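Single-structure report; data block below.
The first chain written gets the first letter, and so on, giving A, B and C; residue counts start at 1 in each chain.
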Amino acid sequence: QSTVTLYGIADVVGRYSTTDLGKGAGSLAKSEIVSGGINTSRWGLKGSEELGGGLKANFKLEEGFAMDTGAGQTKDFASAPQAFSRESWVGFSGGFGEVKLGKTWTPFDDVIGTSDGMFNAVGMSPMRLAFASENYRDTISNTIYYATPNFSGFAAAASYSAREGDPKRARVEAFNVTYGSGPVAVQFAYQQEHLELATAGGIAGTTANNGTYAVLGGSYDFGIAKAKANYAKVTNKAWGGGSGENIDGNNTKEWQIGVDVPMGTALTLSASYAKSDDNNATGANRTQKRDGFGVAGKYVLSKRTFLYGGFSLNTASQVVTGSTTGDWKKNIVELGMNHKF
Amino acid sequence: QSTVTLYGIADVVGRYSTTDLGKGAGSLAKSEIVSGGINTSRWGLKGSEELGGGLKANFKLEEGFAMDTGAGQTKDFASAPQAFSRESWVGFSGGFGEVKLGKTWTPFDDVIGTSDGMFNAVGMSPMRLAFASENYRDTISNTIYYATPNFSGFAAAASYSAREGDPKRARVEAFNVTYGSGPVAVQFAYQQEHLELATAGGIAGTTANNGTYAVLGGSYDFGIAKAKANYAKVTNKAWGGGSGENIDGNNTKEWQIGVDVPMGTALTLSASYAKSDDNNATGANRTQKRDGFGVAGKYVLSKRTFLYGGFSLNTASQVVTGSTTGDWKKNIVELGMNHKF
Amino acid sequence: QSTVTLYGIADVVGRYSTTDLGKGAGSLAKSEIVSGGINTSRWGLKGSEELGGGLKANFKLEEGFAMDTGAGQTKDFASAPQAFSRESWVGFSGGFGEVKLGKTWTPFDDVIGTSDGMFNAVGMSPMRLAFASENYRDTISNTIYYATPNFSGFAAAASYSAREGDPKRARVEAFNVTYGSGPVAVQFAYQQEHLELATAGGIAGTTANNGTYAVLGGSYDFGIAKAKANYAKVTNKAWGGGSGENIDGNNTKEWQIGVDVPMGTALTLSASYAKSDDNNATGANRTQKRDGFGVAGKYVLSKRTFLYGGFSLNTASQVVTGSTTGDWKKNIVELGMNHKF
């Protein structure tokens, strides 16, 4: 049993939200107990075996679930919750870096949240609510993943995911390059998702074009505060349209700035502003502009447990058409706890 | 890994049962290998972290399953087995008591089985087979649960479960008050389940009325034997009708008496008689009377393993209508083993 | 926690395969990342408690899953993945042998792979691809399993699985007898599967006849090489037709020979040839002959981790009818890793 580590995160949050759907469409207020305010709740098994000469065999199996209902999570366009929805891989690490085989997070996923303020909170972060980039496929079946070792602060990772004929899946290539030294951290990541033509067994509405995601992010730690910023570009994808479709000529540019401010040893405050502009070839909301602003705090009770709370104000509006269809305002207030085990 | 405890119960039982459906309807005899004769088979993860000053962060994730087939359990009206069907919560405990957030057992569930004889065996206890009270929702999503500390033997707990618009769910409030000192133990619990009107998105046949459950139970340990008894009342619910319906004017009164008799260090015998009388406003079986009698034994092999066996004779009959439709006799014999890990 | 052992196998393999469907039917080449080249990937919980006098209480809960997608495994004709698809049992062991109750592997399953070459690899072994015997029900619900202790090298096991009225299941009886001493190992196993008539609630196409499987296998370790061979006979079953059907008059005879050759301390090579001849009463492929040849290597990196690779060439052809419908060639090349935890 010493070979296996059992671990997880239990994250539950009380959320109050109002959604205003624009002129005449009314608004909706909700109070909910929700799972995963900062991190998706999860449990997993992982382990590592020394093979000699610095070489290790490693594995990880991780399942996401909802603390509020106990339900398992369904990821990667599966038809039902998986045994291990988030990760299931085995591989080697050593002087050459690390190789993983199975279902892994993509190198794009590795870094997109790093430069986000608001603790990259799943349900509150303006970036997570506004960015078309957030539609990327995050954990993917049939993947080979390679990460380099760290070279004087530089590191890189690349992955290839085979589609294997599944119409719900895409062939995905992704990579990242990161640099970190003292107060400076920079990340660049790129991911492309290739769907087949509908007539070749792809899903409805797809085309032969790749959808692509690119993000450049960074942070600088001034000591009294850590500044964060990123810029991202998405092509042939639609915001909120699911990862299931590649649409020729769609185009989104988006950016976010954030700041983390430590207030003594236990409390950290963070603020963030995100903005995303669609310039799409098709769709009713093809000129939608989205933005959001939020403030959150994290209060550390122990090494494994913290409380958190915050709010964000998020809006979407059409610019060119003058129509208010597709406009909305979402205000979110959360107060929760996060416990690692 | 020292932070997580992996635990569970493996309970398998051989069951022989006969069901007689009354005049002309024939009878059915079955031999089965069944999971969970005394306790539902389960596995789970739990842990606790000291935060200082007596405060602790706690979590529990528990999945029920069938030992005879390996299948996961579906609870709380979900459409498929959950990752953690029985419990999934995180919270704090300390001098103030305990708070849990997520999916928890209700305070009604905490105590209803305490005053039952026959080891409250899932498949044999006359009370579990006869009581309309057994239809209560036991583990519920979106719950806040609070338990007080023990005050000189007195303790209490309360829970609130939000429906969050799910037509299969109910808004549920429950509480219990318990007292224990020396040989005496007393429990009272109450639970109400609020469904919406069918036209407001509720499920078929529901009304705006709350279904309510109340139970008063107690026991006295005479040393040579422990006497147990309870009385329960149910309104706006039907026996065996599932928790999915609230029916105005339904009304059930029911009681049970039991006795546990220790026969040396390893063996305990227990007997129980339960009686339940419906006085319902609607339904073919609106005057059904149910009762049952049983004897069971538990033979402890070790701290974690025991054998058990027993039988119960259970009947239902119509009183007012004179019809024998809805009459039945169920005789059950079980022999099984229960292993905690 | 010391009472529970958490364990598993993570096995991922890269597979290249070509399938030639005979004259005019074309061929198909595929590159895939697949889970379970040598062993099905799995995780589980198991434990054992000393009860005194050599008696132990034991349990095992084991779930199969796919490393490449994270999906849970569905076994025993269930409609969805189980919580524990492979095993879920509790029981006792001691001087009398071992008893298990719940869902267990059958005694036929215990030994059928023992005399196979090619490490009995799930996806490459010619025997696993050619044998009609491989259609047996391997892990079965509602089972009582008994294994004797070892008597001077002789041991035996028997199981009975109740159908309990489930139309997708069968009543199954199985047993094995094995002998091992020094370089010699011999195994015999028999399994019969009883389906109901379709009109009695059985599944379509079934008859009242039992399907039966019998296998006699053995090996002799010459030191420089270990020779393996087996002979099997199947009645009232069709190759590849699923375990869901018993067909009167079907009849398959099949055999396999293999050799394992240790090449130093880390590397073992293995070769195998398997042949299976159908002589069926019904079906388009009723005279199908299948055979296959393969070579594989296993390179041990540590106690818990090995690399493996190999290829097999597999064919099927009709003899009597002269038709080439039902003829095929499947060539498979694999390279993978297997990590136990």
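What to note about this one:
Quick note on the criterion: a contact is a pair of C-beta atoms (placed from the backbone, for glycine too) under 8 Å apart; a residue touches a chain by one contact, two chains touch by 3 or more.
Note that the structure is a prediction, hence the values are computed from the model and not measured.
Chain A and chain B touch with mostly distinct residues; of the residue numbers seen at this interface, under half occur in both copies. A rotation of 120° superposes the C-alpha trace of chain B on that of chain C, rounded to the nearest 5.
Our note on geometry: chain A versus chain B, Cα centroid distance of 41 Å, whole angstroms. Residue positions of chain B touching 2 or more other chains: 4, 6, 80. Residue ranges on chain A touching chain B, taken from their complex, read 4-8, 10-12, 14, 30-33, 35, 41, 43, 63, 65-73, 80-81, 301-302, 304-305, 337, 339, 341. Across the complex, chain A meets chain C through its residues 1, 3-4, 6, 45, 47, 49-52, 55, 57, 59, 61, 75-76, 78, 80, 82-92, 101-103, 141-144, 162, 164.
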